[in-house]
Amino acid sequence: QENVLRVVVPSSIEAKIPSGTGPAFNQGLLRNVFETLTVVSPDQKLLPGLATDWSVSDDKLTWTFRLREGVSFTDGTPFDADAVVRNIDYIMAPENRIPSLDNLGPLSGARKVDDHTVELTTSVPFSGLPVRLAHTVASMVSPASYDEYGADIPREIASGTGPFMLESFELPDRIVMTRNPDYWGGAPEIDGIDFDFINDGQTRLAGLLSGQADMNFYLSPIDRPRVAGNPDFEVLSVPSIRAFVAHLPMGLPAMQDRKVREALNLAIDREALANFIFSGSATALDSSIGPGQIGYRAAHQLPYDPERAEELFAEAGWSKNSDGILEKDGERFPTLTYLASNGRYPGDDALAQAVSGYLTEAGVPTELRIEEFATFIEDARNTARDAGWVTQIAWGFASEGASMLCQVYVESNPLDFGGYDNPELETACAEIDATFETDARIRLIEETAAWVMDDYPAIFLLAPTYEVATSTAFTGLQLSSSEYHSFAGVAPAE
Amino acid sequence: MADIAQAPAAPSGLRRWFGEAKSLGAAGTIGLVLVGLVLAGVLIGPLVWQVDPAQQQLSQAMRGMSAAHPLGTDHLGRDLLARAMHGGRLSLVMGFGSVFAAMAAGVAIGATAAMRGGWIEAVLMRLIDSLLSIPGMVQAVILVAVIGRGIVPLIVALAIYSMPIFARVAHQTARQLMNSEYVLAAVAMGSGRLRLAFVHIVPNFAAPIITIASFRVGANLLTGAALNFFGLGAQAPSVEWGLMIAEGQRYSWQAPMLTLVPGLALMITTLGLNLLGDGVRHRLDPKTRNSL
Amino acid sequence: MNTRIGDIVPDLDNRTGSAPPHLSVRNLTTSFRVGGQWKKIVRDVSFDVMPGETLAIVGESGSGKSVTSLSVMRLLDPALSRIEGEVLLAGRDLLTLTERQMQGVRGNEVSMIFQEPMTSLNPITSIGRQISEALTIHRDISGREARREAIRILEKVRIPNAVSRYDEFPHQFSGGMRQRVMIAMALATKPRLLIADEPTTALDVTIQGQILNLIKILQEEEGMSVLFITHDMGVVAEVSDRCLVMYRGEMVESGRTADLFRRGEHPYTRALISAVPPLGSMANRALPVKFPVVDVETGKAQPAAEIRDTVDKSRTPVLAVRDLTMRFDITGGLLGRRRGAVHAVENVSFDLFQGETLSLVGESGCGKSTIGRSVMRLVTPQSGEIHLDGYEVMKLNHLDLRRMRRSIQMVFQDPFASLDPRMTVGAAVTEPYLIQKLGPAAEAREKAAGLLDRVGLSGDILHRYPHEFSGGQRQRIVIARALMLDPKVIVADEAVSALDVSVKAQVCNLLLDLQDSMGIAFLFISHDMAVVERVSHRVAVMYLGEIVEIGPRAAVFENPQHPYTIKLMSAVPVPDPARRGMKREVLPDEIMSPIRPVGYEPPERAYRKVSEGHFVQLS
Amino acid sequence: MTDVVQRLLQGCISVFILFTVVFFLIRLVPGDPAVLLAGPTASQETIELIRTQFGFDRPFVEQYALFLQNALHGDFGSSIRTQLPVMREILERLPYTAVLALVGMGVAVLLGVTGGVIAAIRRNSGADVVLTSTAVLAISVPSFWLALLLMNFFAVRLGWLPSYGAGTWRHFVLPAVVIAAAQVGLIMRVTRGSVIEVLSADYIRTARAKGASSARLMIHHALRGAIVPVITVICLQIGILFNGAVVTETVFNWPGIGRFLIDSVLARDYPAIQALVLVFGVIFILINLFSDMLNAVIDPRLRRAR
C-alpha cells in the first residue's frame, strides 16, 4: 500500500471510457489508461503515440497511419488496425452520443489496410487531423470491452493500452487504478493510484496537508503560501492552454458597435485580476487563443484604461447618467447577465464576480449567474444566446488554436455562445484546414487569432497557470498544458 | 375569582401582547433585544455606514480591520461591514417573507378545509399531508430545482415547505373552534360563513399561529441561508449571509472573518428569533409555558 | 359524638366523645406563592374526623376544598405552597414528617380519590398493575399475591370479569368504571382514612348513585373514616354524618349534617340549602316555582314567588317536532367506508307551546343536545319534520335559515365558552341584532343596554371583556344576547349546569321571569333533576336517542312509568339527611352505547297513554 | 396490523401525489434535458437524436405513463450526470447516509434526552438555565456554518481529523457532531417539556397519593409517559435528518444521498431528482410508521386498531 499514490482531484468522473466523459480534466486522467494515436508534448509538439507515423494522400482526403507493433490491451488482446477501426466506428456512430466528437472535425471513416496500417478519411481536406487525433475522444479502447459491455460501455470498466488500468470505480467518489506491468513504454514504478474526488479546494488541501493524500489537483492559487515554504510539499505548475474569455452577446444592438466591445475590454484590470484573484498564477490574455496552444503568438496587451473606455463609450453614444449607468438617448444600457461556471476551473467564479464588478463600475448594469458546469453549458447553449447573456468560459481546445477559433466564433457552431458571425473567419478556417504545410498552417492560425482579437467578439481575460501541490515523497509527475497529466513516470522519492 | 384564573390570555389585540416586554419573560426579552439590534443594524446601519457593499477594490482584498473597513474586506476588497449589514436585509426578507406567505396560505387553506368540510377538506388536507411526507430541506431543494434559482423562487420554496404546518394547526384549531359554543352561538344567530371566518375563527387561532410563525422565521432564515450557501438561491451580486459564507469559505484560512461575520450574524439573528418565539409562546399560551 | 345543635365555627367541641378523632386538623392555613407573593388560599380551617365517620366539606367552586384535602396529604408543590397548622393523623402531626415518612402514610394510612377519573389514572399502565402497585409499595408481598389481592378488590368494587380486565388499560373503561378502579386502588391497602375529592362530579346521575353507594358499603365493611368533598348538597345529605361549609377559603360553619340542613346559621349555608330543595318538594304543584334565593351577604331570603300560568295551549305549538331522526355516520378506513352510525336521535316527536318549558332529561350521550341542535338546524337531521313559528325548518334554504334563527335562540352550558373571548360584551350582545340587520348600531346598543338591565346587569359593562365577569354574570350576558332577537323559543342546553348552586338558582329564576314577561318557550336540556323539577311544565325522558316517557312534570316525577325513568329518579341524591342510611342496589352496569351497525333499523315503538299528556314507551 | 397496512397505503398515496406534482413541474420549467445529456460540444443533430431516443419530444402525459411503467419494473432511468441507473446510485449511497444519520442521532438522543430530563427535574435551577440555553443555541447555529467551522478548525488547521471520505470512525466524528448539534436542542426541549408536563399530570398526583417514592415516580410513571412525544420527535427528526444530511454530506464530502441530491439539483439531473423524491418519501413514511408502532408499544391508547 505504501507504493500507491493517493490523489485528490476536483471533479468526479462520469463515464469510464474517455469518449464518454466531458471535462478535459477527467479525460486527462483516463489518458493514463487509454491512449491515442498521436500525442502533443508538453511543449506543444505533435509526437507519435500508438501510431508511429502518418501521411496524407494527394487528394488530401485520406490519411494513412502506421500503428505501433507489439502493443496489447490490458485484457490481453492485441492493439491493431481492427481495434482502431472499431473505436473510430464507435465514436462516429450518432447513437453513442460522443460529447467531444466535434474535435475530430470532418473525419468521416476508418478502414483497415493491414494489421498495422489504417486509413482514416475526411470529408473535406483537413490538415488538422493528426493534431486532433491526440484528443482523448479518439482514445483506443479494447474491442473485447466493446463486445463485452455493448451499449453499457461508458459505465463499465474497460481495458486500454496505457501505463495503468482501471481496477474499480466506487460510487460516488473514488477511482482506483493499478499499474500495467506490461506497458509498452515501460511499466510504472508505483503500484497504483487512488483518485478521490473532492469539490472543495480547502478540503483537498487539508487532505494533502494531513497526509490523507499525496497530490492535490489543483492548488487554489491563494493557498499557495500554505504549502510553499514547507519542505514536505512542492508546488508544480504549468501554463494552461486555457483562455478565460467572456463571450459578448452579439444579439444585443448595443454590442454591434465594435467601440462598445473594445470599451468593455478596456474596462477590465487584468493585472489586478491575475494578481489578486489568481495570486499571480495567471497572465493577461494577449491573444484570442491561450498561450499554451499551437498557433499562439502574443497579439497585443489589453490595458486597463477606464478613461479610454469611457471615451469609446461616448463615441458610441453612451454616457453615464447620475446613477453611474450608461445611457444613450435616455435609454439605459441593457442589463447584462454574466454567466459563469462554478469550480470547473480554479478561480472561475471569483473571476466572474470581479469582472462583473468592473463592468458595473464602467456603467454597464450586470447581474451574475454562476452555475454548476453541466447546467452552465445547458444555459450557455440554450438560453444565453437568445437572452443576450455574457458567457464566461475557459476554453481549452485540443492543443490547437484553430480548433478553438473555428468553433467558438463561427456562427453555426453550437459553441458560439456570443452568436458572433463573421464570414471572413469561416473563409480563414477553411484556408487553415486546407494548408498542409505545418509552419504555414501555424502562421495562418497566428494571423487569424490576431485579427479576431481586434474585433473584440469577447472580453479577453486571462490565461491561467495550473498549480499542483504534491508531497515530496513522490516525483516524476508530468504536467501538461492541456491537462493530460501523465502519472506514468511517478515514483517514490529516495 | 376562580373564573379569572381560568381565563385565557387577555384578548385586546396584538398590541397588548407585545406591549410589555416584561410579559415575554427573561428569554423573550433577550430575544427581543437581539432581534432589535439585528433589525437596527440591518435597517438603520446602512444609513449610517454609507459604504457601497458592491464596491470592489482588488488591491485591498482580504485586509484585516481598519478605520476604513471596521471588519476588514473580502476577497474582492469589498467592505465586510457594509456587506454584513446589506446581507441581513435579504436574509430577513427571506425569513419573514416566506413565513408570512406560508402563514397566509396555510391559514387560508386550513381554515377553509375546516369550515367547508366534506370533500374539500379531504382533498386539501390530503395535499397538505403529501407535502409533509418529504423532509423540509429536501423539499425546499427540490422545489428550487423545479421553480428555478433566485431569491424569489427561494422564498416561494421556503413558503411552500413551511405552509403545511400552518395549514395543519389552522385546520385543527379551526375545527375545534367550529365546535366551540361561541361559534355555534354565532351560527345560531345567523352569521354567514365569511363573518364566522373573519370575526370569530381566524382571530381566535392567532395565538398558536403566531407562536409557530415566530419560530419558523428563524428556521426559514437558516434553511434559506443554507440553500443560498449551496448556490440554490440568491446569486451575487445580491448580498446575503448564506451567500457570503459560501463566497468566503474558500478563503477561510486566509481570512476567517469572511465566514465568521455572516455566520455569527445568522446565529445571533436566529437565536434572537427563537428566544423571542419562546417569549411569545410564554405570553400567548401560559399553559405550555414549560413545555418545548 | 354529642355535638351540640347549632355548633358554630370552629367546631372543636366534639372531642369530648369517647374515641379520639382519627384525623384532627387544627388551624390549617395554606398559602400559595402567586407572582412572588404568598397568598393565603385556605385560612384557619379546623375539623375532626372520627373513626368510621364521614365528614363532608362543601362549598362553591374555588372555595378551597381541594386545597384543604391536598394539604392534608401534603401533595402540594412544596416550592410553591406553604402549609401551617397541625394535621394530626391518629395523634401524629403529618406536617412534621419527612417526605420519606410521608410516603409511608400516603396510600397506606390515608388514601385519596380524585375528581377526574379520566386523567387520574396512568394511561399507559394496566389498571391491575396500578392497583397492585399500591400494595407492593406498602406491603411486603410478592407480585402474584398482589395480583390476586388486586383482582379481589376489583371484584369488590363490582368490576365484572376482573380477572380478564386486570391487564386492560384505563382508556378501555368507561368513566364510571374508571372511578371504581380509582376506588379499588385507594382501598387496596385498607386505609383508615379515605379522602374523596368530588369523586362523582364528572359522572352521570345513575352512575353517581352507584359510586356513592359503593363508598358507603365499603366504608361499613372496612370501618374507615371518610373525608368527602363535594359541592352538591344532595350528595352531602346522602353520604355524610357531619358537614363543614367552606366559603372563600374559610370554614363558615360545621356540624351534624342533619342539623345543618335544618338550621344552618350562616347565610351562605342557607343559600346553599335553599338552592337545592329536595326532590319531591314540588309535589302537588302544577306550575314551575322559583327558587327561594338567599342573599349570601345578608342571609335574607326572598320568598319563592308564585308563577302564573304562561302556557298558551290554545294556539298551535310554536315548535312541533315529528319523527326526528339524526344519525352520525362512523366512517373508517382508507376509503372512508361506513362502519356504523351513532343513532343519536331516533323518531323523536314532541310539541312545545308558547310560554312553555319542556325539559329533556337523560344520561350523557342520549341525544339531548342533538335534538337542540337539530331544532336550530345547526346539524342537518336525516329525516323528520320541524315546524317552528311558521317555518318548515327542514326545508329552508340558506337565507331563510338565517331568517328563521330570529325565532329561536340558544343558551349553552358553558357561559365562558359561548362568548368570543376577543369580543367586548357590547359587541357580543349587539352582534345578533346587527347580523340580522334589524336596525342601526345605535339602536342595537340601546336595546342591549335595556336587556342587560333586564337580566340584572348594569349597562355600563358594554366595554368589558367576558373574562372580567363571574360565571353567573356571563350566563346572564349570554341570555341577554339570546333575547336580542326577541325569539319565540330558546333552547337552553345545560344552561345552568356549569354554575355554582347559589348562582344556578338565580339564573333559573331569571329564566322563569323572562318566560313570564315575554312568553318565551324553553326547550330546557339538563341532567340536573332538581332544577328540571323546578322549572319545567313538561318533561321528556330520553334513553338511547329515543323519548321513553313524556308528560306533565308532576306526572312524570310523581308517577314514573318507564323503568329507565324510575331508575333515573331513584338515582338522584336527595338533599335530605334523613335518607343518609338509604342504600341502593349497586349494579355493575354501564351506560349503553347508541352505536349501531350499518343497516340497523330500530323497532317500531308504540306509546301508552298514562294520563292526559303523559305517555310512556312500550318496550 | 390492518392499521399498519392502511397507514402505509396512505403514505404511498401521499408520496405518489407529490411525485406526480414534481414530475410535471420539472417538465414545465425551461431547460433541455437533451442538451444536458448530450454534453457540452455535442452537435444539434446529436441533441435531436437524444430527444427522440429518450422521448423528451413526446407529450408529458405520455412520458409520465412511460416512467410509471418503467418504475414498476424497477427501472427509474439513468442519471444524466453519471449515466448510471439512478436506483443503483441511490442504493449505493444510502448506507452511508443511514449510518451517519444513526450515529449522529444516537449522540443527539443520548445528550438530548439526558439533558432534557435533568432540566425538567431541576426545573428553574442553574443547570436548567444552562441546558435550556445550550438547547436554544444549538437550534440557532446554522449547521452548514458549524460544519465549515469544525472542518476548518479540526481538519484543516489542526489536522486531527480527516477532511473527507467515510472509512474509519474518525471520519464520523465531525459530521456526526454537526448532525447531533442540529438535533440535540430540539430533543432536549421536547424531553424537558414532556417530562414537566407529565410531572404535573393528574395521574402522577395519584401515584404520589399512593405513596410512591420519587424514584419510582420518575421511572415508572413520569419517564414512560413522557417518552412518547420524545420518540415521535426523534423519529420525525430522523426523517428530517436527511435535511442535515444534505448540509453535512455536502460540506464533509460524505458519499451519501443528501449530497447526491444537491449535486443532482445543481446539475438538473431530473431522473435522479425524481427518484430521490420517491426514496426520501418512502424513507420518511417508513420512519413515521416505525415511530407509530414504537409508540403503540409504549402507549396502549395508541394501540387501538380503528
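Here are a few things to note about the model shown:
Per-chain numbering from 1; labels A, B, C and D assigned in written order.
FYI, contacts are C-beta pairs under 8 Å (C-beta built on N, C-alpha and C of every residue); 3 or more make two chains touch, one makes a residue touch a chain.
Because the structure is a prediction, the values reported are computed rather than measured.
Of the two chain pairs examined here, A-B and A-D, it is A-D that is joined by more C-beta pairs in contact. Distance from the chain A centre to the chain B centre is 45 Å, each centre being the mean of its Cα atoms. Chain A and chain C have CA centres that are 87 Å apart. Centre-to-centre spacing of chain A and chain D amounts to 40 Å, using the average Cα coordinate of each chain. Taking the mean of the C-alpha atoms as each chain's centre, chain B and chain D sit 22 Å apart. The set of chain B residues that touch two or more partner chains comprises 231, 249, 252-253. Each of the following residues of chain D touches two or more other chains: 10, 30, 152, 156, 266, 268.
Viewed as a contact network, the protein chains fit none of the simple shapes, being neither a path, a ring, a star nor fully connected. All chain pairs that touch, listed by label, are A-B, A-D, B-C, B-D, C-D. Listed in rising order, the residues of chain A touching chain D in the complex are 8, 12, 14-15, 20, 22, 94-95, 97, 99-103, 154-155, 171-173, 196, 198-200, 202-207, 209-212, 371-372, 374-375, 377-378, 381-383, 407, 414-415. Looking at the complex, you find that chain B touches chain A at residues 54, 56, 58-59, 61, 75-77, 149, 231, 235-237, 247, 249-254. On chain A, the positions that touch chain B within their shared complex are 200-202, 220, 222-223, 226, 269, 272-273, 275-277, 342, 350, 353-354, 356-358, 360-361, 366-372.
Partner chain B is touched in their complex by these residues of chain C: 61-62, 336, 373, 376, 378, 401-403, 405-406, 408-410, 412-414, 416-423, 431-432, 435-436, 465-471, 474, 478, 481, 485. Considering their complex, residues 6, 9-10, 201-203, 205-214, 216, 220-221, 224-225, 228, 298-301, 304, 306 of chain D touch chain C.
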